[in-house]
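Below are two complexes that have chain A in common, paired first with chain B and then with chain C.
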Partner chain A sequence: MFSTIRIVMPALILYAFTANAIAVPTKPEAAGGQGAQPVAASVMPSTADHHKFKALQKQFKSGPEVTEACLTCHTESAKQVQHTKHWTWESVDPQTGQNRGKRNIINNFCTSVVSNEADCMACHAGYGWKDNRFDFTVEKNVDCLVCHDTTGTYRKLPGFAGHPVYKPLEFPPGSGRRVEAVDLMRVAQNIGMPSRTNCGSCHFFGAGGNGTKHGDLDSSLQHPGKYLDVHMDEKGLNFSCQTCHATSKHQVSGSRYNMAAALKGGAHMRGMKDASPASCQSCHGNKPHPVTMTKLNQHTDKIACQTCHIPAFARNEIGTELSWDWSHATKMGPDGKPVLRMDSAGRRAFDSKKGTFAWDSYVIPEYRWFNGIAKYKVIGDKIDPTQTVQINEFGGSADDPDSRVWPVKVHRGKQPYDKVNLTLTLQHTGGEDDTALWHNYDWQKAITTGMEAGGLPYSGEFGFVSTEHTWPITHMVAPKGDALSCAQCHSKNGRLKDVEGVYMPARDGSKVLDTLGWTLALLALMGALVHGGIRIIAAKRG
Partner chain B sequence: MFKVIGGFVAGVVFVGAAAYNFMGSLMFREVPSPYGVEETVARIQQNIQNVGNGWALQGLRNPVKPLEADGGNALPVLMIEACSTKYSGPILNDDAIRFLSILMPCKISVYKKNDGKTYIGLMNAGLMGRMFGTKVGEIMAGVAEDQAKFTIFDPDTPAPAMIKNTPAASGGSSGGGAAGGC
Partner chain C sequence: MTVERIYVFKRFERFWHWSQAALIITMMLTGFEVHGAYDFFGFGKAVALHTLGAWSLIALWVFAIFWHLTTGEWRQYIPTLDKINAIIRFYALDIFKGAPHPYRPTALKKHNPLQRLAYLVVLLFISPILWISGWFYLFYGEWKAWGVDGFLSLEWVALFHTAGAFMMLAFFIAHVYLTTTGHTPMAHIKTMLTGWDEVH
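Showing the complex of A and B:
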């Protein structure tokens, strides 16, 4: 009773105040007195109208010109960006010292940026990175617009080393599709805080297609419903990316390279210095369930929030790529010409340029112990081709207090390697030159050029090796009603059937204990039957 | 005498309980598919179009979509609807059994379960037909025979495209109805 009053009374008081506020709107005169001027009907979300800046009132010929104009006011912004992964494409592991990042790793999608910079840099926050001579200190080469455009007209296409389209062109060549030149002045005058569309223009389309890479990031998150992501729900909380990935000095928090896999303590106060704001715990704490659900709160020392609250990823028709087999690339159709074939849902299934793909939607994750440290295969690392090569190895175990069971997407593939030097190879794929794989369909030339660009020895003999690339799943958080139920893990063939090192009731059992228990139960039953039988016989005999 | 009646009653109760328990699994079948949801749907659709006997696709429903629109989640379910005038005609023209139109169009459900695998849910048309007399039994036996062919897959043929926009049945026929349907 008392608890009901405790809840109802504040609610009534709150209602009384808010209802009054709604019922009696304040008149402008009353607030400001006689001399007060009426304010504009609507105000801009920003404190600056960029249409009014002289520096932006000109026809820009290139992206760097726009950046120079931006820097006249935002004097430090380029320097800040130049210290971020979005510019360097490097990430040093603070614990192992390993230098990772797109620039250094070899993945099992497009494999490597080396020798393919002109294509890959469509997703670099910069202009002009076309080979290893790119100068990372030139401030005007920082691309402000790719993150801050609000017009939706700023596009960077593969093949232009990060520059947008300055002249109308047909893209892809021969497709008959025309891409208009970007109006740089219009874009520069209409900049704003990054939206989901800005971030998504690269992060939704990694590895050359919508939803291809991550599994929990695709264009459906531009306008998501509640079912897809309870935080980003367009009609609900409507989080932008940076609501969680809080940003300071252009440093965007939260990265799969340096993950906080296990956070302890309560929710974090905003404004507090916080190394990992991009985590569930930073808002929800590590005991997020009501006290009546103590058992669930006891799970948080072993289970990541995402394990229960993201029951499946790629929850839409877009789907995600689950495998890429490069060993089928360069195979032509019966007429000797390149073939492009789609799967039943219209997603790429085979491409003579790239090989064979497998896709799926509503994917049930795999589960791994993870402590936030992942060791990546970087360019030049030795491999054992008799084993499946792990592109990244997740650290962690049941004994590690900093480990939790995480849901992951595992992207499986086959990709080329040097049979003598035992390294994954770099291959020159994009471009119109004679050695580009996607132009000439010649593996030998493509690998020779790629390895030369990366400064790696190449024996001239290549084969294909199986690889696995693991991705932590952390987006597409379902409403709480759709979290996993107990039995989905606590059963013989449940979700966590392959997770080792921890005892799980209903999944695990002790043969000795089980046998002992069943024996006791059987003996009790037999005792009851014998006892009852004796009583019946004794009663009959009088 | 008591023993005989008691035994008979016990037998009736046992058979009744067994029938009650197994009825569901007898009326409906579930078979695993070697393909994903979309490819399974596409291959079944292709088989339906190729099997003849007046079969035509009537629609492809996604019962999960309304749930998602309401903010909820479920693993994917796609329901293929198909009909054949050869089998539907005699039922629709007989007042005594016209109520069986409630079973039209024929539905095949393709869905994913929590084990990540794809399954096909089918009605046991043959058994169900036998419950409604000889005429319906014979018709439904034909349906069952064709239905078995819907789920025979040839792994050597490339995956066809899933047909998403099958013309829905309107006025008893549809675009697909020119070649069949109901």
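Showing the complex of A and C:
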């Protein structure tokens, strides 16, 4: 159960500390324009005070009840949300037609949501998705509060299929820790625009813990300083997530599923249609450096901004997970009981439920050509177990004008697969039932249940295969003084030493030409020395 | 023996020569660092100095070309094979015997035939390789606008530039050595500094 605590505890602690500190990230402009007579000490940033709405002045029994109240005014909001990935957990690749999204892919962490919905849906913007019979058309099951709560008291725990805590309970069971019920009326009356904390309540804690998944997203971005993120710097620009991930009709722009790896042209103008600001270029253009640094601007046809301007990710003590080896799961301690071991920085190192982990902070990225198109392993895809299975394959090459060299986090691991059908398996991990891996420590039962829930054939024979999952790094942009210096790439053993297809001075050259050239220079020198030597000797004899 | 003094190199010529020498040394020092041969200034600074040096050379050459054209001094580089055998013989044999140089420079003909040929090779072969490849290197960002991105590759531009640099280095070594072959080891240098040549 420890692991479950650790999934939830950071979120709880986080909320507790930020309950009052983080409100709507709006600042004092609202306090009256020039020459305006002060009518009150402070003016709400919103034009509506939700405390005054009759529909919200009641004791709500459930999340869906609150949503029904929201919909009495915001009549179209649920329909909008239902068209987003936050609701469907699906994302169709417009180029390949492949249907990805959390619902369909297998990732390198908890692997798949199938048969584990009750746990995973703690991060679904909805209520009640506990199995594959969930009705995606019911509007009241859209969760407004998880994104719009400003009190920091709204909690969704694993095991409740996306519902918040309605009754005080001990969580995790047997832990002796009491989790209070959410005061839904208070939360409903205090809604506002999503803050970094709202987005972060899921996106910082992906894969079961703070910083685990992305490497460039963790709870340090709630109150970042300039060092960590030059745009989100709380004392500086203080960007919210939506400053870049601009949102319209609840569609949040800028998904890693459909990325533009190489944005061309200048910065966007206000009012420009169909242009997502979720890229560096949308504000900075493609020649962002002053004319005195023209050489740097000439890099933008090959190098993503992030490559130089995010010199390392997980730049904090939280760190990020770099590998997860499931093949060690179900190994017990010497006393036959499950073990949970932390590394020296307090991050999970081994868990009998899950296997072995490796973490690091201040991680230097790997670098790949990337054109924005990534092909994912979806449930049922065939694999070749003699090779490392690529959970997602980044498209792109040096010859492709739409590709750039990107910094990436590569998360490595081992996952179970069906040795006969050659597919990655689905396993029932979370839950308190007999077949749940984290309850009964029995792979065979867990896989059988998981495969059945996903409608996949299972041969009964499983093994473990090496896997890699690649993540584009794009957050935690450093101040310009911390950007990479030239020589960090322009040298024989620089950061881009393995990036092919591009000529880099100081890294590349022709061995033949260099040998010929130095020989020529050496011959000239020898000729001079010999000629001069003879002259000296001749003069002495002279 | 009488010593005849003639004024060979005018003020602009001397300025041109020495500022160009300083710039070419800078270009070689920084250029070979950019090429990855060693670490001295640091890559970024080497690139910045190399670029600055290139623009300075361009400015200098604009003046030099203007000067050569308006003064007619460009004729100094018209190649000739006249007496070339004697010159070759001098450097290969007679110099060791202390024989005088067979060529008498005058203000109208400053360079001996071997010099003329060598400088012509520098001017018409080595320099253009460096200049043309260097220009494309410098304006890499404009290739698309110029319509040359389809057939030019940075690798080939870099290789030509490097090849030119090696040839320039070899010329530089030989050139510096040959300055010592006057009637005294420092005589040629002195002429290049003062403009006056002592013909013995």
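Couple of notes before you dig in:
Criterion: the second predicted complex is superposed on the first by the 493 of 542 C-alpha atoms of A that agree within 3 Å, B and C clash if a C-alpha of one lies under 4 Å from a C-alpha of the other, contacts with A are read in each partner's own complex, and residues count from 1 in each chain.
The definition used in the following text is that contacts are C-beta pairs under 8 Å (C-beta built on N, C-alpha and C of every residue); 3 or more make two chains touch, one makes a residue touch a chain.
Not measured: the values here are computed from a predicted model.
Once the two structures are superposed, chain B and chain C can be ranked by residues of chain A touched, with C on top. In the superposition on chain A, A:Ala506 makes contact with chain C only, not with chain B. With both structures placed on the common chain, the touch criterion links A:Gly225 to chain B but leaves chain C unconnected. When both complexes are overlaid on chain A, the residue A:Val530 reaches neither chain B nor chain C. Once the two complexes are overlaid on the shared chain, A:Val420 sits clear of chain B and of chain C alike. In the superposition on chain A, contact of A:Met44 is made with neither chain B nor chain C.
The intersection of chain A residues touching chain B with those touching chain C, taken from the two complexes, is empty.
Within the complex formed with chain B, the residues of chain A that make contact are 225-228, 233, 311-312, 315, 341-346, 349, 359-364, 478-479, 481-482, 488, 493, 495. By the touch criterion given at the top, residues 36-39, 41-43, 67-73, 75-76, 112, 114-116, 158-162 of chain B touch chain A in their complex.
Here chain C touches chain A in the complex through residues 33-36, 39, 42-44, 47, 51, 91, 95-98, 140-141, 153-155, 158-159, 162-163, 165-167, 169-171, 173-174, 176-177, 180-181, going by the rule given at the top.
Against chain C, in their complex, chain A makes its touches with residues 294-295, 297-298, 301, 485-487, 490-492, 502-503, 505-510, 513-514, 516-518, 520-521, 523-525, 527-528, 531-532, 534-535, 538-539, 542.
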